[in-house]
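Notes to accompany the following structure.
Which chain is which? They are A, B, C and D, in the order written, and residues in each are numbered from 1.
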Amino acid sequence: MDYVYGPGKNHLFVPGPVNIPEPSGTGAWESALTNTLSPGDRTVSFLIGQFSLLWIDQQQRLNFNVDVVESEWGQGANLDILAEKLAADHSHTIKAICIVHNETATGVTNNLATVRKLLDHYRHPALLLVDGVSSICALDFRMDEWGVDVALTGSQKALSLPTGLGIVCASPKALEASKSAKSVRVFFDWNDYLKFYKLGTFWPYTPSIQLLYGLRAAVDLIFEEGLDNVIARHTRMGKATRLAVEAWGLKNCTQKEEWYSDTVTAVLVPPYIDSAEIVKRAWKRYNMSLGLGLNKVAGKVFRIGHLGNLNELQLLGCLAGVEMILKDVGYPVKLGSGVAAACAYLQNNIPMIPSRI
Amino acid sequence: MDYVYGPGKNHLFVPGPVNIPEPSGTGAWESALTNTLSPGDRTVSFLIGQFSLLWIDQQQRLNFNVDVVESEWGQGANLDILAEKLAADHSHTIKAICIVHNETATGVTNNLATVRKLLDHYRHPALLLVDGVSSICALDFRMDEWGVDVALTGSQKALSLPTGLGIVCASPKALEASKSAKSVRVFFDWNDYLKFYKLGTFWPYTPSIQLLYGLRAAVDLIFEEGLDNVIARHTRMGKATRLAVEAWGLKNCTQKEEWYSDTVTAVLVPPYIDSAEIVKRAWKRYNMSLGLGLNKVAGKVFRIGHLGNLNELQLLGCLAGVEMILKDVGYPVKLGSGVAAACAYLQNNIPMIPSRI
Amino acid sequence: MDYVYGPGKNHLFVPGPVNIPEPSGTGAWESALTNTLSPGDRTVSFLIGQFSLLWIDQQQRLNFNVDVVESEWGQGANLDILAEKLAADHSHTIKAICIVHNETATGVTNNLATVRKLLDHYRHPALLLVDGVSSICALDFRMDEWGVDVALTGSQKALSLPTGLGIVCASPKALEASKSAKSVRVFFDWNDYLKFYKLGTFWPYTPSIQLLYGLRAAVDLIFEEGLDNVIARHTRMGKATRLAVEAWGLKNCTQKEEWYSDTVTAVLVPPYIDSAEIVKRAWKRYNMSLGLGLNKVAGKVFRIGHLGNLNELQLLGCLAGVEMILKDVGYPVKLGSGVAAACAYLQNNIPMIPSRI
Amino acid sequence: MDYVYGPGKNHLFVPGPVNIPEPSGTGAWESALTNTLSPGDRTVSFLIGQFSLLWIDQQQRLNFNVDVVESEWGQGANLDILAEKLAADHSHTIKAICIVHNETATGVTNNLATVRKLLDHYRHPALLLVDGVSSICALDFRMDEWGVDVALTGSQKALSLPTGLGIVCASPKALEASKSAKSVRVFFDWNDYLKFYKLGTFWPYTPSIQLLYGLRAAVDLIFEEGLDNVIARHTRMGKATRLAVEAWGLKNCTQKEEWYSDTVTAVLVPPYIDSAEIVKRAWKRYNMSLGLGLNKVAGKVFRIGHLGNLNELQLLGCLAGVEMILKDVGYPVKLGSGVAAACAYLQNNIPMIPSRI
């Protein structure tokens, strides 16, 4: 931790609250899995980056039979293979599809609507478990329409609260599954929650009261801005960031437009540059927190998070900072180029602030 | 929750942060057990009140072989039976002794020094797992001297922080045990913590940063007051409360002086009074939160918590309020009697505030 | 200032925010006077304690012709003499009556309704300037009904905000007077405020934004409780305090019931006790702030403030503390006696909390 | 006030806390003047912008004999005329020189060292009263070296505290002058402060305790960064802003480099643009607060404040925003041009953060 004071605000452009190599949401993952599945159950799980990898690791350690579908990092979940597996699974051995909506390590957004279409097409009863950590309240997310059975997120992402709450939402089908799921669980057991909910005392043990009040306030802020406007704002910031990356002559780690993420952009650097050096300089000289490249993309990408309680001028300050750093590390960027590209787009697309019209 | 404003401060005299029927520390319990034990392992666990009951329930649900030693509620752990069990356990089938230091439901403090003496006497290698939720940082607690293998507490008790941190401290012996413990665990797995600790990034997933800063500040405050002074203050407040109870002509739920708790006092009411009515009136008329009687002692006791960031005049205001409530519900208390008894003791025992001498 | 930490809350029972010998409201006084009066103007001003004394001192230093009506400290404003002066003042040389509604130094509340009656009876046009620092939002105060021309208070009293706002409210008659008042003023000049108010930019210079938001919130809290309930609560706490004082066998500095203050009680101590010693011990041993006796009553009284965001159990904690201190300094008080007297009254008079019924 | 929520942080780039047409510091001005001067005393005062104008207005209303030295707005104080006046004033009728160090309305910094040199050269005993509202703790300011007799500022500028404190610092010579100064004053009277300071109770009436603690913390932060580093940071941000203005093809309101301000830049817009429209659009679309042009330069300049707790990337976000707005209002700016110019300078000049090296 950095206790020592610097002037002004730290420029936090990580896709999460602190610059550490692994995700929160770990408890929420475990809650989703142990309440709906039994040891030995087959899950289909997509490995497309560090966070899906960690979830898969958890599934394996919890003794599920994990059928891993791997893609190159920078690609989305391979849904063709999912289709094949579903088509072949006549006896319904697949109990759950585990998928991250947005892979925070590579800036890849998976298409959940297609997942649902495939499940429906093959009339497959598998549960759909979705990690929405870096998507819910920032990207378009439709629990009912997409038939998501368990959706989970954390307080510290798009909700813009402090860390501490894992939020898990279960469909009636998931609740039903929890009655027969044999995974050992106590702290995470939904039954305890449901029991106390019905009793009217709500919590099986002392909850984080201050974060529950915070959640109430966070949701109020989202409703005040309008959820559609919140999503549109993230769309704008994702687009503006990608235009800047293009103007710098750099590549997006995400290989196709269909997977572009509006909450985090992973930027590929040329081979002669160590992306960790960029993150280090951002922190040491410009008081800016960028995201490191993790695991397979370590040294190859740096990440700009653009989610949560953030607006366009803050993002532009970040982009200007990145330009200076690129130059610092020897990349021949034209100063102002990314900012100009982002501004050209934003200038015509930022709406008036309704309360100030 | 009570969103509606009332003048002045709520008088919080529960033995925890909110008036709910069950404990926090649940996650810390699970962390202690799953990291040190394997399914089927035999534990000796003492049932002396609602919180030890819940821990035992967890142990059973986690598939341990729980050897329950039950006492009447209001008594401490029966250490004679422990002695017998240890004496008989030549093959060391007992893997852990699970004991609450202070049973919050009945205001009973167990004698951990004696537990250690017994283990040493019989040269028994069982781990000593201690729930210190309502004791650590308020009562005398000696991890090393008493050979405690896992000590646990929560942020919201004597540390006077918001809810959200379960704090678990393991001895070298417990860490060694975690290497072979076969209980399934991921979120709570100490190995992940140790791995990232060694890496220098410290946390396997996003921690509750704000509570870690809070913990630093809370510990600083305790050091500033002096841990011995903190404990002495709790001793004073426990003694003052018991003197008031005696002056009211009421009985302490705790049956012997050796078990008196200096962090919570459970007061027995006469059979013609429902103790829940006392708690309800405290809340509805006097803006004071007292603790309910739980389970076996429901309706029979109400609890005065006197731990954490609390001083004597606050306690006296609480005692005065209890007197009015006792009168409200038809108990023939002499107004001022409990306060007078507490004052007579406190007047001669409250030390000068060192910085103001 | 006392930077060093002590456990629990400081028990703040001063009639203001900090234990200093003089009032805030000084700026508000000057604003009221310089905007309505010209140098040499005759004021009638009542000297009944330290705060009215200081206001008179200010009036003299601002070059008004102050006609001082002095009472013994512990008595209210002598309105018989006011009647005589008004009756004799055929040529209306008296331009303003300056009176504190509640003299914080002695716990005396003046009868403003009578002052208005006298002014009306003699058809006297003098302005009525009222210091409501320790009354407004705690005692019954009727600006329109009593024809008050300037009412003033501070943020840090019954509004329970931090220090920093002097609040001045002027009648149309006072605003009219400000047009011809010749006292030199710039910072306090109402004309600048009115000018910017009309322009729609509201403030002639940067206001204390955070306290304006605080004021909005403070007023909302008062409305939520209900202003009548706020006043009734202060009435209860004043009465409870006086019953305790009586039970201790001590005298109220306020000589007649008609002047009893429900926001502060000044307690006379026997000649063999130095009241400053009581205040000192409260601070040094019990972490409680009581008010000193000031000027003529220094050493003779100590003051219990009971105004603002305060409730009954907090007051009872204070009274219990005072009992211990009285005993500490050698006064033969029966411990519990004052608390019992207060409780006997409060038990039957504290209403249910409406939101919790 | 704008109660309605918008995402992200408001971009506050006014040269003060809120977008209002007049200064704080009004009370501090009055304190400086009334404690050192008597009615009728001659002051030499420089009119170079709206804030010096307002101070002059106050001096006149307080009945001093103000000798106004006017410059075109955009120029600094005319010190040649000061030299003439001092040279001619053999009988020392000039009692005080009143000068703003930094005129916030035009972004002009006056040369105080020269003022002192002139006073010394002519051996003139006039007091030197300096408004340091938008300079102290941001620009190089040397009270002793420059022989400043009264220096004043407010909490809400470079100290980055909330509004509410006027801070006045007096030299021994100023304190001596206060003994004979005949201006009427009570609330602002230094003698009351000195009296209570000597008594050890420090304040003549309740101070704004929370802001005094805040001041302690603010000064600690400045010392932690290092005052020289704070000043260097402001120098960098002033320079970066001016480079951006130049790149946009716009003129600085400040006519000569010697007067350039490192805390606020007033930017002249072409005649066909209303600068108020720029400020309005910044607020309504980009959630950014810029400073209006005031009085003589209304509609002609907009102002970028760059003082206080602010760093370079925040400034770059502001500059990017200004570029979009310039384009919005029809000025043919090349997007990215100003940001690029600022970045080219900053990239080579921002130092490493010492605690992170």
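What to note about this one:
What we mean here is this: contacts are C-beta pairs under 8 Å (C-beta built on N, C-alpha and C of every residue); 3 or more make two chains touch, one makes a residue touch a chain.
Chain labels with UniProt names: A, B, C, D = alanine--glyoxylate transaminase.
Please read all numbers here as calculations on a predicted model, not as lab measurements.
On a Cα centroid basis, the chain most remote from chain A in this structure is C.
Work out the mean CA point of chain A and of chain B, and you get 38 Å between them. In this assembly, the C-alpha centroid of chain A lies 45 Å from the C-alpha centroid of chain D. Note: centroid distance chain B to chain D, computed from Cα atoms, is 57 Å. The set of chain D residues that touch two or more partner chains is empty.
Pairwise chain contacts present here: A-B, A-D, B-C, C-D [touch as defined]. Of all the residues in chain A, the ones that touch chain D in their complex are 2-9, 11, 221, 224-225, 230, 233, 283-288, 309-321, 323-324, 327-328, 334-337, 339-344, 346-347, 350-357. By the touch criterion stated above, chain D contacts chain C in their complex at residues 1, 16-18, 20-27, 30, 39, 58, 61-63, 154, 156, 162-164, 183-184, 186-189, 196, 201-212.
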